[in-house]
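Here chain A shows up in two complexes: once beside chain B, once beside chain C.
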Partner chain A sequence: MIPNLLTWIVFFPLVGALLILAIPREQKNAIRSIAAGTSIITLILSILAWIGFDRSQSGMQFVESYSWINLGDFQIYYDLGVDGLSMPLLLLVTLITTLSITASFNIKERVKEYFTWILILMTGLLGVFVAQDLFLFFLFFELTLIPVFFLISIWGGKEREPASIKFLIYNGLGSAVMVMAFIALAYKAFEATAFSHATFNISALADIFSNPEVSGVLTDSLKAGIFLALLIAFAVKLPIIPLHTWLPNAYVEAPTGVSMMLAGVLSKMGAYGLLRISYGILPDQAVNFATFIAILGVVNILYGAFIALVQTDLKKLIAYSSISHLGIVLLGVASVTEAGIQGAVFQLVSHGFIVALLFFMVGAIYERTNTRTISELGGLSKSVPVLAGFMLAAAMASLGLPGLSGFVSELLAFIGIFGASAEIIPAARVIAVVGAIGIIFTAAYLLWAMQRTTFGKMDEKYLGLPDARPMEYIPMIGLLGLSLLIGVYPSILSDVINTTVIDIVSKIGG
Partner chain B sequence: MIQNAWLIPVFPLIAFVVLLLFGRVLREKAAYVGITALALSFIFAVAVLFERIGGETYTFVVDWITFGESTVTMGYEVTPLNAMMLIVVTLVSLVVHIFSRDYMHEDDRIHVFYSYLGLFSFSMLGLVLAPNILQLFIFWELVGLCSFLLVGFWYYKPEAASAAKKAFLTTRVGDVGLLIGIVLLFNATGSFEYADAFAAVEAGLISDTMVTVIALCIFLGAVGKSAQFPLHVWLPDAMEGPTPVSALIHAATMVAAGVYLVGVMYPFFLASDTALTIVAYVGAITAIFAATIALVNHDIKRILAYSTISQLGFMMLALGTAGYVAGLFHLMTHAFFKALLFLGAGSVIYGVHHRQDIREMGGLWRRMKVTSVTFLIGALAIAGIFPLAGFWSKEEIFASVLANGDPFLFAIALITAFMTAFYMFRLFFKAFTGEFRGDHEPHENNGFMTLPLIVLGILAVVAGFVNAPFTGHALEGFLTEGIAVGEQAHGGFGLAVVSLLIAIGGIFLAWVIYGKRSISEDFLPGKFRAAHRLLMNKYFMDELYTVVFVRPCVGIGKALYAIDRFIVDGIVNLLAVVTRSVGSGLGKRQTGQFQTYGVVTIIGGIAVVALAFMLRGYFG
Partner chain C sequence: MSAYNANWSLMTPEIVLMILALVIFTLDFMTGMSRNKPFLGRLSILSLLATTVLVAVFNRETGQIGDMFVVDGFAMVLKIVILLGVAGVIAISMYYVDRHRDVYQGEYYSLLLFATLGAMLMVSSADLITLFVGLELLSISAYCLAGFKKYNGKSTEAAIKYVVLGGTASAFILYGMSFVYGLTGTTSLVDINEAVPTLFADYPYIMTMAIMFMIAGFGFKISVVPFHMWAPDVYEGAPTPVTSFLSVVSKIAGFGIVLRVFFVGFESVYDEWAFIFALLAAITMIVGNMIAIVQRKVKRLMAFSGVAQAGYLLVPVATMVSLDMTMSMITFYAVAYLLMTLGAFAIITLVTEDTEDDALTSFSGLYQRAPYLAIAMTIFLLSLAGLPITAGFFGKFYIFVGAIQAEMLWLAVIMIFTSIVSFFYYFGIMKQMFMRDPKPNDDQTLSVPKPVSAVVTISLVGTIGFGLLANVLTNYFNNLQWFF
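Then we have the complex of A and B:
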């Protein structure tokens, strides 16, 4: 296996970005090719990691650890590693970014900057999922903010400016809360070990916090406070209601490729942080907060679904549906069962593919019709049958049709929440039933939207629109194919996740 | 051969894939791809049935997913019940494939139509072969998708688009119940396998309440799929799809999946008297409810649709009164004669140039000989006339209701049977006898459309013999082998006479009004004006649902959206405005990005300073 594989994966996009900077801005095709080439090579590297990943092991693999920065007693380490939780997400980033770059070939303005930012964003995202040191995690987390800000504010729609500002304020504040929680974690651990362990390493912190000998200093209220702060920070990213209002604007205003990245992978950082850091370091709090998180999950599911029901803009509808779908993640996570947490990870991956496909389809249709207003579309099956077919398939995937990935994640999440122990979540079954009703609403808003866009009478002016171009087949078939693959043969994913999930649950349970 | 049972659903799947890829090239030749695939499936299904009767059995599974210590498998198995279903599904699907070649000939998306039919056949056969309830659910949803696609096949018609959505959504309500039932079952037994569920019940591992809850959740799925009251509203609208689809999906096979589901889970249902009683009552109410609507409707397809709902109610009623064989026997006979009636209706609609209103028909008997004779056979079969298929299966249902139900259920069954005979012959006399009332002269159709009618016509006559006394109730012996479903009731000569008299009575009344016209057909509606209006409007169920469910949901959505924009988001927007004005106040009027970049730098800076300060402050 390649030495320092994770470093290669994380920083290869940055190499590509530097390469693009060296190319004259007029050579747009060269820039596009480099961007695509870079992402494809990164994808191949991440596939190598996926193949080389030992599925029977629960700990970190491909570990890299170097001392990096000195901050007083504190050593910041360059710690990288992947386990069954981060491995699928790492591959998700490379897959979605590659397809998003393909989908961005029609960007005509400031091509050079666009792809530079996308590749920087890719490095940030990859870094978040492999960093094992809180400081490093924070740096990568922040590194995603700035590219997204520019990508929305330069290449976005009409309302791009307020949308990008709102994105920044929200996520910036979220990061501020997060960093404070990180400091509190590290500092309190330092204090609790009688100033003998100064560390930002996630698993080292987890060991300290679970050590009964030092628990005297670490009161429950302190732990709960830190857990809550982390929850707020990650809630912004996920997003959890009511910290979600940056999302509809950002998703809608962002150009198609960026919407795919935002909804497909960026939102996954929040859930990942929750599992890796909050659950990883403070497992006992995961139990205390379980009911709260489950209720948040149900609120997300229904709130997002109800609002999606009345949207007139197709892209906004998908944005709200995204909020609703990530509620499933919260339900699964809250259950602290193997099925539930695995379902949550499945949902992260599955939703990544499906929402990226949905945004891609809306982008492709907008490019042709110049509108996203649901009532102005209609009869797309006649004017652009292939695009309409994929649109319908994406909607079916999104509403959890068996055979596609969304079903597996919903099934597992519901097995989890229905089976949650009554001591952890008192009214788990009631919460679960209310959440399950959300499935009906999902079908309602998606099918209603399909009825009014792909079905129905065709507007004469859409006659003769060009149907899917060869380049468009790559993201369409790629994303739908991946969803189908997981839906038909979920073992391909569960093999990687399961051992780690068993480990997470046993730590929480024990 | 039985080891190759998996090929039965795979042939239509291949047809689907081929047509998806090459349909545009093949065009109307697509029909032959589909017909070939289904013919192969049918041949294999016959072979499998004979081997199963010979006592062979086969199960095959592979690992599908692992979570924690649980491993879920997928595969297929051949049981007596699904061996029978394989025959029903492949046979009806085959004849529908043949019929559609001419019926859909003028449609330039005929290849799409055949690809959907292939996907449907694959899904339905997969559902039947499933060895566990999760796999059943997967295919259950896929047949729902196919139904959606085929109801909305003429997507440019607003009614079709709306009906497709309604079908999917209404059944989705039931499906969520089913999914919850499956999840609860898994949590109670740690398995999705049918056998494990039955074993757990037998061993008393699941509390009685839980058994009832799970059974009712599963039944909710069946209520949606089999269009039982109160989730029946989608099926009549589903008639917007092409008529062969109505015959295959919305009469013979998919809608019967709910009945099949209860059949497959029968030992589980038997463990809960409450659940069985509810099944029986829902079935009975559905049966009579739908039959009353069929009494007054004028649309040939909708009359048949309500009749389907009513007959499915009969099957549920049988299952709810311990009539395991009776319910499934009726499922089989109904599949044949209802497919016959629908294809007959399709032939009529094609013959009279796409009219569906029976008031615009009449006198078809002389003009469409094959269609008329076969339709008559179908009508006699569904009415329950000796010795046609419906007679035997309906009589079995009466027997189990009489033996295990209460007198109220028995009365409903008899009244519904009377109504069935009446509305079927109302339809028959109005459409086929008297004078032709349309404007285009009708014509008989050619072989591709009449051959299926003849095949189904023969089946509508003989299919009942497999469980008649003179064959020693052969089907019962086959279906109950190795499965604990309790004693099956049988009626005697007396019950047979009663049921026959009721059918004849219904036909006679229809003849008096619509054949001989001794009583004006306006007499009864005029006499019971309010009741007639209620029936014409289908008990106002659609309107009720709009008011009770649809509008409130949209209202809640709008209210939440307003809150989301003006309150939750309002605060943030205020912040953004302030930041921006502060930014532009600083002088340099850049595009605004500069100022915002400032914000992030500030926030990031605060964070880093805070970090340094905390650490340095302590050590420094």
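Then we have the complex of A and C:
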């Protein structure tokens, strides 16, 4: 295997970004090919990691650990590693970014900066999923803010500037709460071990907190406070109602390729952080908060679905459907059962593909018709049959059609919440049933929207619109194919995540 | 130890700098009235670099001259920071004075060098008298510099305001010092430190008052709220390179004196004064960041940004766990602050001079006009805002860790939330640079003179370099003996 594989994966996009900076901005095609080439090489590297990943092992693999900065008592390490939780998400980042770069080839203005920022964003995202040191995690987490701000505010739609500032402030506040929780975690662990273990390492902290002697020193209210702070921080990214208000603006105003990244990958950072850090370090609090998180999940599902139902803008509809779908992740996570957490990870990956495809389709249609208003679209299956077909397929995947990835993940998550022990979530079944109702609404708004756009009366002016270009087939087939692959052959994913999920659940003891 | 057998070699850098400053002063007379004398600027930079080397050589060993003048790790590091900072300021000034023929260059450069000498004396003194002499040498030179564009109303206004308020602040400091002397009978900081615990027990009100007077005076010099009112006006009116001098060198030297007085002279009664600094830090961060949001002029914005940054720097003063760690935090952040602020000011000088406008909109379309400057400015602003991968990000994180370790959660919370507030105005400048088109009457490309681009590049490398390899500095600081 390649030595320091994870470092290569994380920083290769940055190398590409620097390379692009060195190219004159007129040579747009060279810039595009470098961006695509960089992302493809990163993708290949991450596939190598996926292949080399030992599926029978639950701990960290491809570990890299170097002492970095000395803070007096604390020592910051450059710690990288992947386990069954981060491996699929790592691959998700490289896949979505590669396809998003392909989808962004139609960006005409300021090409050089666009691809530079996308590649910097890629580094940030990859770093978040492999960092095993809280400082490093925080660094990469913050690093994603800057490119997204620029990507929305330069290449976005009409209301781009308020949207980008809103994104920045909301997520900045989220990070602020997060870093406080991180340092509180590390410092309280340091204090509780009688000032002998100063560490920012996630698994070392998990060991300290699970040590019964140490746990006794730390009060429950303190741990609950830290857990809540982490929940708030990750809730902004995920997003969880009511910290979601930045999302519709950001998703809608962002250009297609960036929407794909935001919804497809960026939102996963929140759920990943919740599982890796909150659940990893404070498993006992995960049990205490299970009902709360499950209720938040149901609220997300229902609220997202209801608001999506009344949207007139197709892109906004997908933004709210994204909120709704991530509620399912929360349900699965809250159940603290194997099926539930596996379903949550499945849903993260599956939603990543599907929502990226949906945003891509909306972008492609907007490019041709210049409108996203549902009532102004209609009969697309006649004017642009291929695009309409893929959009329909994406919608089907999103509402959980068997055979596609959405079905597997939702099924697993709901099995999880149905099977949750009554001690952890008292009314688990009620919650599950209410959540399932939300799924019906999902079907309602998606099918209704599809009926009004792909079918229905065709507007004469849309006749003769060009159908899918060859370049557009790459993201369309790629994303749908991946969704189909997971749908018909789920064990390709479950093989990787299984051992880690069992490990997480056994630590929680649910 | 008498003055005859003292180890005078410790003072070599100061003596050499003074001689060089006088030489430059004299050279100015000898070369007539012709205004453009770039060689004086180059010579000044060389003198500063030479002095830096001397500091690194002669100040490596700790030592003292009769309790008045000490050389220790703290003095050495701050002297190097100050000297390099002034070298950067002079590089920026060379571009500036070239465009402003009403500036007498010889005096300008030698005044900057004298101010530097004062700053060096300040950070090296262990006695209230030497300390005050150094402070006044710095302050008086700075008053002159602020009014250097003497035919410009705003510059004159700035100088008058600065001299009146600065003089008042000095009076406050002296008044506070006189109480301390009256009670302890000594001006040596080390002796004061031994005497104050009992004095605090006997005369708590007088001691507290003395400390408050000094804090008010020093607070003015480092522009913390509520003693910051002069900063925006003076920063706006003063020639831009002088503004950068005030906001970088003068402020860092001011911090040097605060740290020296309080951590050497009053260390034994830390608990009596720490909370005052905590309160000051809190209101400074809140007010500085809030008022910066509404600023429309870039120099005023930087003034309030500088106020806010002073607030961050005060946090470790108020949250000491161990002296070494506090010093390490402050010094790291001071280095980061020097790099990012100096780099930003180099670009601000260039842009405001080029567009002859100091509104924020003068930055519009900078990316089209000078992509390198826009990218560099972005990095400096990200560093000031505390975002990765920059020295400012790590510096803030470090201070933050310290605040939580000292269990000053409320201060940590204020610090982090006001940092988020600062995103508004720092990203506002970025918005101008990247998302607005250049104004029609500005040149399409902005040519960057060599000295300015050198300052920008060095600051840029430093800002990113210490962001990635912060361990280089922290390791060095961890092994340093801060105070003699």
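Keep this in mind: the second predicted complex is superposed on the first by the 509 of 510 C-alpha atoms of A that agree within 3 Å, B and C clash if a C-alpha of one lies under 4 Å from a C-alpha of the other, contacts with A are read in each partner's own complex, and residues count from 1 in each chain.
As a convention for this text, a residue touches a chain if its C-beta (ideal position, glycine included) is under 8 Å from a C-beta of that chain, and two chains touch if they have at least 3 such contacts.
Here the structure is a predicted model, which is why all the values come from computation and not from measurement.
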Please indicate which partner A:F390 is in contact with in the superposed arrangement: first for chain B, second for chain C, both, or neither.
neither
Given the touch rule stated above, what does A:F12 touch, chain B (first), chain C (second), both, or neither?
neither
Max touched-residue count on chain A (chain B vs chain C) belongs to chain B
Please work out whether A:F209 is in contact with chain B alone, chain C alone, both, or neither, and reply first, second, both or neither.
neither
State whether A:Q451 touches chain B only (first), chain C only (second), both chains, or neither.
first
Figure out whether A:I69 sits in contact with chain B (first) or chain C (second), or with both, or with neither.
second
Is A:Y251 touching the first partner chain B, the second partner chain C, both, or neither of them?
neither
Between chain B and chain C, whom does A:F289 touch in the aligned arrangement: first, second, both, or neither?
neither
If you stack the two complexes on chain A, which partner ends up touching A:M180: first (chain B), second (chain C), both, or neither?
both
Thinking of the overlay built on chain A, is A:D495 touched by chain B (first), by chain C (second), by both, or by neither?
first
Taking the contacts chain A makes with chain B in one complex and with chain C in the other, which residues are shared?
71-74, 138, 142, 145-146, 149-150, 153-154, 161, 165, 168-169, 172-173, 176, 179-180, 183, 187
Note which residues of chain A are touching chain B in the complex, please.
71-74, 138, 142, 145-146, 149-150, 153-154, 161-162, 164-166, 168-170, 172-173, 175-176, 179-180, 183, 187, 241-242, 244-246, 303, 306-311, 337-339, 342-343, 379, 381-382, 396, 401-403, 407-408, 411-412, 414-415, 418-419, 432-433, 436-437, 439-441, 443-444, 447-448, 450-451, 454-458, 489-491, 494-495, 498, 501-502, 505
So in the complex, the part of chain C that touches chain A is made up of which residues?
322, 324-325, 328, 367, 382, 387-389, 393-394, 397-398, 400-401, 404-405, 409, 412-413, 416-417, 419-420, 423-424, 427, 430-431, 434-435, 470-471, 474-475, 478
What residues on chain A touch chain C, complex-wise?
68-74, 113, 135, 138-140, 142-143, 145-146, 149-150, 153-154, 161, 165, 168-169, 172-173, 176, 179-180, 183-184, 187
Residue numbers of chain B touching chain A in their complex, please.
63-70, 134, 137-139, 141-142, 145, 148, 152, 155-156, 158, 160-162, 164-165, 168-169, 172-173, 176, 179-180, 183-184, 186-187, 553-554, 556-558, 560-561, 564, 568-569, 572-573, 575-576, 579-580, 591-593, 596-597, 599-600, 603-604, 606-607, 610-612, 614-616, 618-620
